[in-house]
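So that you can tell them apart, the chains are marked A, B, C and D in the order they are listed, and the count of residues begins at 1 in each.
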Amino acid sequence: MKLNNYKFFEQNWSAIAVATLVLCVFLTIASPAFMSFANMQSVLVQASVTAIMAVGMTYIIIGGGIDISIGAILFFISSVFAELFVATGSYPLALGVSLITGVLLGAVNGFLAIKFKVTPLITTLATYTIYRGMAIHLTGAQNIPVPREIGYLGNGSFLGIPVPILLMVLVTILGVYLIQKTRFGLYLRAVGSSEESAHESSLPIMRVTVLAYLIGGLTAALAGLILIARVGGLQSDIGIGLEFTVIAAVILGGTKLSGGSGSILGSVIGAIFLVLIDNGLNMLNASPYVYDTVRGIVLLVAVIVDRLSEVRKSRELIKNSAMKMRGTTS
Amino acid sequence: MHKGARPVLSVNQLSKAFSGKTVVKDVTFELYPGEILALVGENGAGKSTTKNMLCGLLTPTLGQIFVEGEEVPEIQGVEQGISAVHQELSLFPSLTVAENLCINDLPGSALNVDWHETQRLATEQLAFLGVEIDILANVESLGAGKQQIVEIAKASMHANKILILDEPTTSLTVPEREKLFSIMRMLKERGVAMIFISHFMDEVYAMADKFVALRDGTQVGTGYLKDVPRRELEALMVGRAIGESAFDLHKPSEKIALSINNLSSHRFDKVSLAVASGEILGIAGLMGAGRTELVESIFGIRAASGDIYIDNEQVSPASVSKMKKKGVVYVTEDRRKNGMFSGRSVKENSSAAGLSYFVKQLVKGLGFSGEREAVARLSQDMNVSTPSIDASVRQLSGGNQQKVLLGRWLATKPKICILDEPTKGVDIGAKFEIHKKIVAFAKQGVAVIVVSSDLQELLDVSHRIMVMRTGHMVGEFERENFDAVKIISLAASSVHEQSQQVAS
Amino acid sequence: KKIRIGLAVDQLFESRVAENNAIKVAAEKLGFEVIEVVADGDAQTQNAQIQSLVVQRVDAILVCAVDQNTIERALMRAKRARIPVIAYDRALPDSRTVAAFVGPDSISDGFEAGKYMAEQLKGIEGKVQVLELLGALNDQNGIDRSKGFNKALNALPNVEIISVPTDWDSAKALAATENAFQANPNIKAIFAATDTQIPAIETVLSNLNKAHKVGQDGHIVVTGVNGSNDGYAATVSGFADGIVVMDLTNIGEKSVQLAAALIRGESVGKHNVVPGQFYSHDNIVENKADIWGAN
Amino acid sequence: MGMSSIVKLLKSYPSLPIIAALLVLFSSLSPYFFTAGNAESILLANSVVLIAAVGMTLVFLTGGIDLSIATVISATAVVGGVVMAQTDSVFWGTSAALLAGLLFGLLNGICVGFFGLNPFITTMGTALVARGIAFTLSEGIAVKGTPEVLLDFGFELLWGIPYIMIVGIFIVVICSLAMSKTTWGRQVMLFGSNREAARYCGINTRLIETSVYVLSGLLAGIAGMVSIANLGNALPGVGDTLLLLIIGGVVLGGTHMNGGEGSIMRTVLGVTILATLTSGLNLLGIPFYDQLIVQGVLIFVGYTLAMKLSRT
């Protein structure tokens, strides 16, 4: 597969990849239990939910938007699945309907944000409350145990590899493919880069944006099914606060909130990086309450470092152009 | 000339109204293959609006458009072979050059874009235009001139019939402009018809075959350029003959108000100049010569090395607040980006730069008594026409906005006044008023620096003109020696030579 | 005039819904109207909701506090308005406003689950590691269950208890269990403060190939408190050894009776606890009818 | 009062129609709604949100956002609570809470104002840090030991208005005056309208941008103390759930997210809408999940409407 004209190591995900490696090396030295096959596998399984959603979120952010309702979508989808399965007993029906619902909820986000020109942050803040309310309404806040069948999504393995990891890899590959090989991918980057230009070029802005949010909804749905399969039941606080973890993973992965470009792979590595931090703190027997502090500091440091490198780059650019000017006229 | 040939585009009584206000009225013309039509008119005459209707971005309120003899109810741009280079760049900054060029007609299928082919097409197009740009570079990393070239390359890629260029030369250097013209000639050769919108009459006469002149949205004339002398066309656009507008200038004092010595930054090098109280110093130069960078550095907005003296006292390194204290003011060239607080009222806009001149505050920082009266007086002084000083400045016309901006600074009783393109986007009447203000100001003993791309303006109001070229001061003229031709050739000529050197 | 009881609920989840239903059934029997408000886990919301019940002049308030330390102010306002307050399910030990408490005997419940576990672990030589999934640190039931559980296990000198708070959240319990097993692969037993977390435990143990049934070699002892269908099913299947089941029907009835008594102006006993019943793999199926969550 | 003055009023306070509609609706549906007791209950419940929303409004006016404001309320409450438990002094507790708020605000302000970092991510990071600190210091449970003075302050009324709401009103008045009567306020509005133009006018843009985040942190500190007075103890997660109400209140009032348009009085109205809504729906016995749906719809519709009305 010949991908788009990307140069491999110039991509913005290289920083998070290096950071992840460094963290791994550090944890290997600091804790003997860290570098085991079982632990690595467990880290990846734990990361799968965030990573899959991060892929969807990357699409939305590349397109110039943001979606803070995905945690609520995840919850809603899980409720739909559980309720439907209990009601009908049909696994494919429940699975199909809940994935479609994810698609719909995502599309609604995109449609509202574009159609009414309301900042996506406010739009999805509103839909966040709406979706969450609808979900609890649906389940009556009952804790619904999930059927064995769906357990496969969370606990099964295929060819010895846990299914969540497989799904994560699959979603990543699909995600990279869509953004790099398809017309939609290019249009999305274009719309995120400049909506005005997209309008002048008569690109299908509405369709492209809705599709991005729709992918966000779909990945949230998939992640929700994995999560309830792993947890073994549906609880009414599932998915709360997940949107911020997912956005953090995307940002750490080198995608900028300003839209127009971004890295799917970076987001996935970012999600793994966040789980590694938790895992490492756990290995080092840290109090569970410092986790948030460490996450926050890591995020702040990451954006500061990113900003500093940007400043340095633009300084160099200025220096070069100054040299050019002197060279041509004196 | 076109006997037997069919017009590729013909427009009949095209009109456009925005919420009842007619902006374009009864535009009618025919365009044959290989022809270049100049669309001329003052700011706000309706040129861009006409263009937008022709490329499908706006739907006409009235009138018909025929492409190759067939009426098209709805223009789809690319599908009819019409494309446009817009006044504001319509590129995607974070996409590569190749992606930008091909985005409207991607090779391969929707699920499998052929990037090889994309790159080949882009390379081919740029080679055809004879420009060298890295097709894998992000557009945002290119300079303004190169971006314009990419824009033109993009538009001409799909325009097999009609290409509309809306003020394509405004951000081009001279060699880049020549490049553009040679591209246009090449396309003309191939039978592409073009509509060329420009404010520069020499460009119009150099490139176009015929013209349509608009005034206040109404078509006031059309014909072949060879039949219409330049003066006549200008008068047609403006609605009256353009007379001499030069002022009788008073004599400036001997006292040097501002001097800079060997000021350098990445866009200009070792610039020195001095301006006396009461003197008006014009700085001429071509687009991108570095004039804005220079004056912004003097005002402390950008970093620069070198010495700045005010009243023989060193003030460098400069900062805006320091310069303000020293009585220096700067009126920006980019009104929309750096000047106007477009959501705020005329009052707030007027007092933004020097509250202490508008407000009596018993305790520093507290209260706004007297602001209203002071601003009202200023607006009257400056002849700002506004429904009320509480109206949002967005509702004002460009010329009135410029007056508010000027007033904002002039009210602070400056000693040194730097004006960057003070009449950009201002109609002729307002322009004359602003010129009068400048001259009157200098008469009161204020040192004035005027940066302008409008040479006539500089010739009219300056005591002295300095010429800047690619970051260097290359010449200086006293009023008695003003010579437009010399100034232009000094500003541009050696760039020509350079470009020839670079080309060879 | 019809008597109205305000029911201020902390949050909805399985056992709470069952408990509330028991209360509503009991109230209906007495012809009371129930006005239910749910705070969705937010202490401030709950205070506002209690305030709103006071404004509506209900005849008594049954409250399950989101946070026992921040509910007092709101209840004081109820007391001022002479509305009797009964804490149900979650005790408010420091409160000066609550007339009575009805709820599970959490110390005993934790103790029963621990006692059974201790019996299973008795014979093992050397250090024995036990994982305790705590509830929430600000919840008296969680604290008391832990207290009881620890007391029971203290009978065995060689037991080391690894405690992790889960805030009653299954996803957190999942991650905590996963990480605990990475750090201490030899954990021999797990206690879940709520048996709704047992499926999450099963997920982890299955991945580690340690999900052996009761009686099999290498079986990890799993007990919990609650009585949900999760716990019931896991115990029936033999993954879990047994669960303590709360008597929610009884709690519900008692709280309404107490409310009725207080409204009549009678004095009532302050601390009313209803101990749960432990059911093991061996006897759980025959007692299905007594397990509120089983279906 | 002619048509044009109504139009003007709507332009300045685009949320007025919604408030009016809600008041009429709930008054007619519930006999308890329009009572002094209910008014007291609404005022008590919303002081914290109001104070924080004032801070958020300032940040919105510069075109930024402060996602950390809610968790900073929690963190400052815990800091204040811990210090009061140690010293039994409201003064030291308040000082500590304000200092903590100031430091969080400074962290945001420096990152956004001086380093030019994206406010969304910066404040998201700070939110996590603040949350971690709140839970670490309190070990996850409420910090007890609030001095009696503060408890009384949180309980008593003055002329039927709870003291803690008087704090809120005081802050609204001070900040409103600061916005309309000081050079600083004018500069904040100008900065929000066009930051480049502000720089060209010689306004110290970095300082202005930093100052709003610092103030937002400081107000969160006050809100943290108020939450202790209201609830009786410092709860580590007390503010976390308020973010929606805070942002919702600000945007419902009609303050633009992109800066340069809006006011603190608008926010007061926006917060009032959400407060009225919650109270009314509670009295009507609408379950909380259905309340969420109504709230979400109202925020979206209200914001869209407010944007329309304030622009025409």
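Keep in mind that, in the parts below, a residue touches a chain if its C-beta (ideal position, glycine included) is under 8 Å from a C-beta of that chain, and two chains touch if they have at least 3 such contacts.
Computed from a prediction, not measured in an experiment: that's the story for all the values here.
In this structure, the chain pairs A-D and B-D differ in their number of contacting C-beta pairs, and the larger number is found at A-D. The chain with its C-alpha centre at the largest distance from the centre of subunit D is B.
Centroid to centroid, with C-alpha atoms defining each point, subunit B and subunit C lie 73 Å apart.
The distance from the centre of subunit A to the centre of subunit D, with each centre set as the mean of the Cα atoms, comes to 30 Å. Between the CA-based centres of subunit A and subunit B the separation comes to 43 Å, rounded to the whole angstrom. Multi-chain contact residues, meaning those touching two or more other chains, do not occur anywhere in subunit B.
Shared interface positions of subunit A, defined as residues touching 2 or more other chains, are 136, 141. Counting only residues that touch two or more partner chains, subunit C has 38, 41, 165. Applying the touch definition to all chain combinations yields A-B, A-C, A-D, B-D, C-D. The touching residues of subunit C, when paired with subunit A in their complex, are 11-14, 17, 38, 41, 164-165, 169-171, 174-176, 178-179, 182-183, 196, 198-200, 202-203, 206-208, 228-230, 233.
Across the complex, subunit A meets subunit B through its residues 2-5, 7, 181-187, 189-190, 192-194, 196-203, 260-261, 318-319, 321-322, 325-326, 328-330. Against subunit A, the residues of subunit B that register as touching in their complex are 56-57, 76-78, 86, 88-96, 98-99, 103-104, 106, 110-113, 115-116, 119, 136, 265-269, 469-472, 498.
The part of subunit B that touches subunit D in the complex is made up of residues 301, 320-321, 323-324, 330, 332, 337-344, 348, 352-353, 355, 361, 364-368, 408. Within the complex, the subunit D residues that touch subunit B are 181-184, 186, 189-190, 193-194, 196-204, 260-261.
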